[in-house]
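Dropping a structure here in structure tokens format, bear with me for questions.
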Amino acid sequence: MGGTEQATLLDATGVAKSFGAVRALTDASLHVAPGEVVALMGANGAGKSTFVKILTGALKPDAGRVLIRGEEAHVGSPAQARRSGLVPVYQEPSLIPDLDVADNLRLGDTPREAFLHWVHELGIKGVRMDDMIADLPLATLRILDLARALASEPDVLLLDELTAALPTDLVENVLRVVRTQADEGRGVIYISHRFTEIAELCDSATVLRDGKTVGALKIEPGVEDRCVELMLGAKLSLDRREAGAARVNTGVPRLRARDIAIAPKVSNVSFELYPGEVLGVVALEGQGQDEVFDVLSGHVKPTGGTLEVDGTPMHFGHPADAIAAGLSFVPGDRAHALLRERSVRENIALPFSARIRDWGPLKGRHEKQRVDHAIEKLQIDTRAQGEVQRLSGGNQQKVTIGRWLAHGVETLLLFDPTRGIDVRTKRQIYPLVRELAEQGAAVLFYTSELEEVPLACDRAIVIFNGRVVDVIDAADASEEALMRAAYGLTEESAAS
Amino acid sequence: MNRRLQKHAWTLGLVLLLAVLMIVTKLIQPSFGATGLESLARAALPFAFATVAMAIVVIVGGIDLSIASMMAVCGVTAAVLMQSMGVVPAVAITLVVGLVMGAINGTLIVVTRVPDIVVTLAMLFVWEGVALLILTSPGGTVAPGLRSLISGAMIPGVPNALIFMAAAVALVWLPIRRSKLGLSIYAVGSDELAAFRSGINVAWTKITAYGLAGLLSAMGGLSLIMLTGIGEPVPGPYLLASVAAVVLGGVVLGGGRGGLLGPIIAVFVLRIIRTILTLAAVDPNVTTIVEGVIMVAVVMLGAVLTYRGARG
Amino acid sequence: DGHGNYTIGVSNTVQGNGWREQMICAMRAQAAAEGDVESLIVAHRNTDAAGQLEDLNNLIEAGVDAIVLNPANPDALNSALDAAIEAGIVVVAVDAGVSAEGAYILSNNQEEYAYLGARWLFEQIGGEGDVVYMRGIAGVSADTDRDNGFRRALEEYPNVNVVHEVFTGWQQDQGKQQMFDFLATGIPFDGVWTSGIDNVIVDAFVESGAPLVPIVGADNAGFVQYLNDIEGFTGAAVTNPGSVGGAGIALAVDILNGNAPEETTVLVDPVLWENATPEGQETIAGALNPDLDPEWPVSVSIPGWTDYSMEEIIACEG
Amino acid sequence: MSEQPRIHADAAVETGFKRFGRYLADNPVIPLIAFLLLLVVVLEIMRPGIVTPFRAGRDGIISTFWVGNLIKFAIPLAMLAACQVLTMLTAGIDMSAGILATVSAFVCATLAPLIGVTPAVMIALGTGVVAGLVNGFGVGIVRVHPLIMTLGTGLIATGCLQVYQRFVISTGTLIPETLVWLGTGRTAGMPNGLFVFVPFAAAVLYLMRFTGFGRLLFALGSNEAAAKLSGVRGWQVYLALYALSGLIAALAGLLYLGMIRTPSLSLANPLLLPSVAAAVIGGTSIFGGRGSFAGAIVGALILRVIDTMLTLLQMPEGARIAFFGLIILLVTALYVRITGAR
């Protein structure tokens, strides 16, 4: 595509930024030419989001030079960045929750026609201009964010893990649209932890490690290994789990769901989860998997069906009841799970004090032992442990898992635990999940990334349109088979 | 349509409540009529301005504890100025003083990064002191023309005080509400970070919102002296009343949600409850209890309703 | 004699202060004692002049025959008071005056109150020396009136010097703290004039071990008790009866019954009780009432005006 | 706040000043104590000798030990500030604390002659707990905003107190001897109130830092959804918290009663806003999740010193009030600036 020797659109060199003791960026640089899609890669906490925020004026750098179309630029605020043609979609949704769609557009002077065009183009239907942002699901918000950015016709589009929370079909639309943007001569900075997307979309990759740009590569077949090497500083790759002998589940299931219904989304979900097994959940966005996890974790009461734990029927009125029954829940949105301004230790130890009988003096040594064990096990980067919000996204996610590791796990409910997590961290999480299962825990594992299912799970249930439509043996399921199942195509495939 | 209705359900409920209370008043005191309505509207004036001022800062995500003190400053300023100059310049200067005081509050919040509740708690004392420096004891004069503005009813059944209030609030708020500034105020209150990232100048929006609150406090101060004819340097009981009315009126503490109509109706509800209790010759100490209970009960009801709403 | 079944409205703007509570109870007791009063509607809360206007309008709306009020301000209430008088409602202001034409005023003479006490104090310290001047709430009419009286006395004693002037906000705790603070500075002074907050000032001396100086306060039960009990303490209490409220009711009924006084303004002059002379000590011993709420003035009735008994005012019903 | 301003405070290079700033941020009480000492020095310069204990007065040795007074009057303020710190940890506030203290004091003083001292004290503390439970019910179970809930309870409590006082006008009052001893007595120049306050403060500090309950307060203020996810039943904590706050307020009221010895109907009400100020000066965030009682104690002392200074300065009342406000703002702003916390 666009020749790299052309005048660059965006040229950043030597960008540095510290947050107190944490040096998020030390020497970051990046070049974007017209028509080029640059992948910005790096492990969790490498500084990608920080870089994007600096380029778009949401943060002020401590040092560095930014040239826009060859001219030195001081981007003081997001508004100024927008005027210079730099339009971001940040990692966190940036629409105003209490305004409706129309008002959000007026606020940013976004042309309405163009916006609607892009919403349509990206394949979102049924969004009305008077919908409150707060009422919309996360995936829709991400798309609206993107449509808003596209509508302002940016010169450089900066997309920070836009696809992390998107179902597969929407990801495809996004990739297509972004590609067209580049073909029209715009520049794109694209952040994702998924190599497949990067291979499909990007022209080059700039790799950050520990806040420093360590390399810029052209994307060509086989570049993954080189990228990973640069990102991690050593050669690493994702290995498939060796397909072991298929598990034989006998005895009483740890968790049995029978005909669970949750009006209006879920009509019939039944499954059994046995001790020692990792049961995957395969589903496209919004098929009712959120609701099922809400029921299992005690947040929502089902409108029908029964739930048995170790053969005993259970009714959860509060997450505490589920926890008492041994069910530990790790939500997809870590913002819901973390005490942002408290320490790593307090976050992990939180369940230790939950019940009234634990309101008394803390058991310091006992607590420290178990917390330290969890931190070590998950290799949480504790440089900024005084406040969890200073950790990177990946490390924050580890803390949410570490909490239950320290507390002791019988049944672990993982909802998309690897959303927006880098390869290295993922590589730590799969074996951990396996290990927990081998030690006798039962794990229910939903992931939005289908290729993870064979890596971590023994079996997988497929939820489509609020029902369990299939159970597949995950260990040797191909991605294609999983995909077909997720789209509810199993019956036909069986017929053909 | 349904959505719109849902959005304004709380306000509609308040209107209904007000209507019921009016009927109760009429039942207790059959002679309650135009003059009763007029004095109700007049009594509501300072509360309404204080409440509207409070509502704007609550919508932007803050709170202003200094509103009653700013009203006192503006009251004494106008009363003193009117001794030496015409009504129009005196009123104009007073409005500017209010605007500036509010903007100072906002600027301090933005610049010092001290939480709004703390800054305005401190400014509560500062403005109270300033009022006492301007006038050590009640005094000053108010032009009779100004006072007659809020008495009587040009349109039968609609008290002038009500028209005055509606006109003043509409003049300030309507042009802003639908403008980008108005949206920015809601946006900043709803999610400051998202607002900043959407390209809104958060600092400026806050300062403007606090400035508007100051301006409306100035109107409140003016309405006070229009009622009494003198300037009083000691702040009246408008702070807690305005917080209560704002919440009763459906504005969410924390920002981003609610309008100005609900709080104004809430002011009338609170005022008419006092009228009813006086007419019914309820023991005044019990009146305090009743007011407290009503405030808590209505807000509890609101909490329960929204809780249900969020579930259903 | 029963001329009619009157409904009387009461408006007061300070709640939670012993003096005002006594005033309200005196009103209730007097209304009960008068045969002609059928009911009393009381609007009694913490508010400003604008709030009092609201209460007054509500009382007019309720159709009262007379209004007895303790005005928040002499000039601010005229719109409502004029309307009341025009509607034939008898208006009696107690404790402080109002400027509305046709309103009756039955007031404690606040200027005289301060003057009387201050003069006694200056006399007591020998016409010269340093005094501490503890005022009430800045910007409130009663405080301003008392200040005028105090200044008048001060002018008569040019050798008396105010070494320290503070506002207690009419709050016991604040007054006590301020006295402690001032005692701690070690600045010498010879007497204290304090507006209403008095027994805690004596406490501050006793507790810090400072030698007592002459102190002038009001006739609050607690302070009068101290005047009687504490060895070596000279001081004076100036009466400021809250029962003026009861007198106001009596006056309102008289007017309603056609016995209006010739003057629209009646000033209840304060009396000074000191414990420096044997006669004075006797007066104080007679006025004592150890069971009374210490914030209540001991002068619970005004002879010639009020008709209730001690039990009736304490019952506070009516 | 947006991310933008945070940057200035934390910016860049590891200068010595920065490191010092961070040290102070981790030990927020230190700059506050430094400021307190500075104020005391200024006061001593303004009125030489005031700080010195056991100084010769006009008539020989008198024990107007100013430091003792300072501490004495700071004690009830600091106790009410404890109510604010604890509730603020959960992003709440207790606007009824001042009135509950007053109610407790008044009830105790008026009931003591009727039913004896111990039952009177018990009932007085009980009123605090009951009112606190009402607050806790509203905040924790019905989910009313704490500001509104506690304002409403305060209003109701005021009304109840007014009605109650009509029944006890003539019963006389009795201030329990122990309270008077605690409130007015001195041991080695220091107020006896410390005999209650020191254990109290130790208990609160221990509660906040070393108990599960304390940890839950921080957790709820920081992220209630996360706490719920971890199995915390929020309503239980709120109920206990506000009941505790009511109890502390009632206790502060009793101590204050012993100090002032006049059970007025508004005795401790004026302490409410200063108690909020003491808490925020002491570094407690009204947004929850961050707070220090040690800081609040120093905050209360600072407010008292400022009070003394302004009383002694002999400026017009308006200027005095205005300065009080300005200084609160200044201290909090400096504190925020130095520590980068809010």
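A, B, C and D are the chain letters, set down in written order, and residue numbers restart from 1 in every chain.
As a convention for this text, contacts are C-beta pairs under 8 Å (C-beta built on N, C-alpha and C of every residue); 3 or more make two chains touch, one makes a residue touch a chain.
Keep in mind that what you see is a predicted model, and the values were worked out from it rather than measured.
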Of all chain pairs, the one with the most contacts is B-D
Separation of the C-alpha centres, chain A versus chain B, in whole Å, is 45
Measure off the straight-line distance from the CA centroid of chain C to the CA centroid of chain D, and report it in whole Å. 33
Report, in whole Å, the distance between the mean C-alpha point of chain B and the mean C-alpha point of chain C. 34
Could you tell me which residues belong to chain B and also touch two or more other chains? 131-132, 136, 193, 196, 233, 283, 285, 287-288
Residues of chain D that touch at least two other chains are 2-4, 158, 162, 166, 317-318
Give me the residues of chain C that touch two or more other chains. 15, 138
Tell me the shape of the graph of touching chains, choosing from line, ring, star, complete and other. other
By the document's touch rule, what are all the touching chain pairs in this structure? A-B, A-D, B-C, B-D, C-D
Over in the complex, which chain A residues touch chain B? Could you list them? 58, 77-79, 82, 88, 90, 92-99, 103-104, 106-108, 130
Where on chain B is chain D touching in the complex? 108, 112-115, 117-119, 121-134, 136, 192-193, 196, 202, 233, 240, 243-244, 247, 253, 283, 285-293, 295-296, 299-300, 303-304, 307
The residues of chain B that touch chain C in their complex are 29, 31-32, 35-36, 39, 42-43, 46, 131-132, 135-138, 147, 151, 224, 227-230, 232-237, 271, 274-275, 278-279, 281, 283-285, 287-288
Within the complex, chain A is touched by chain B residues 3, 180, 183-184, 186-187, 189-191, 193-201, 256-257
For the complex, give me every residue of chain D touching chain B. 1-5, 138, 142-145, 147-149, 151-160, 162-163, 166, 273, 276-277, 280, 285-287, 316-326, 328-329, 332-333, 336-337, 342
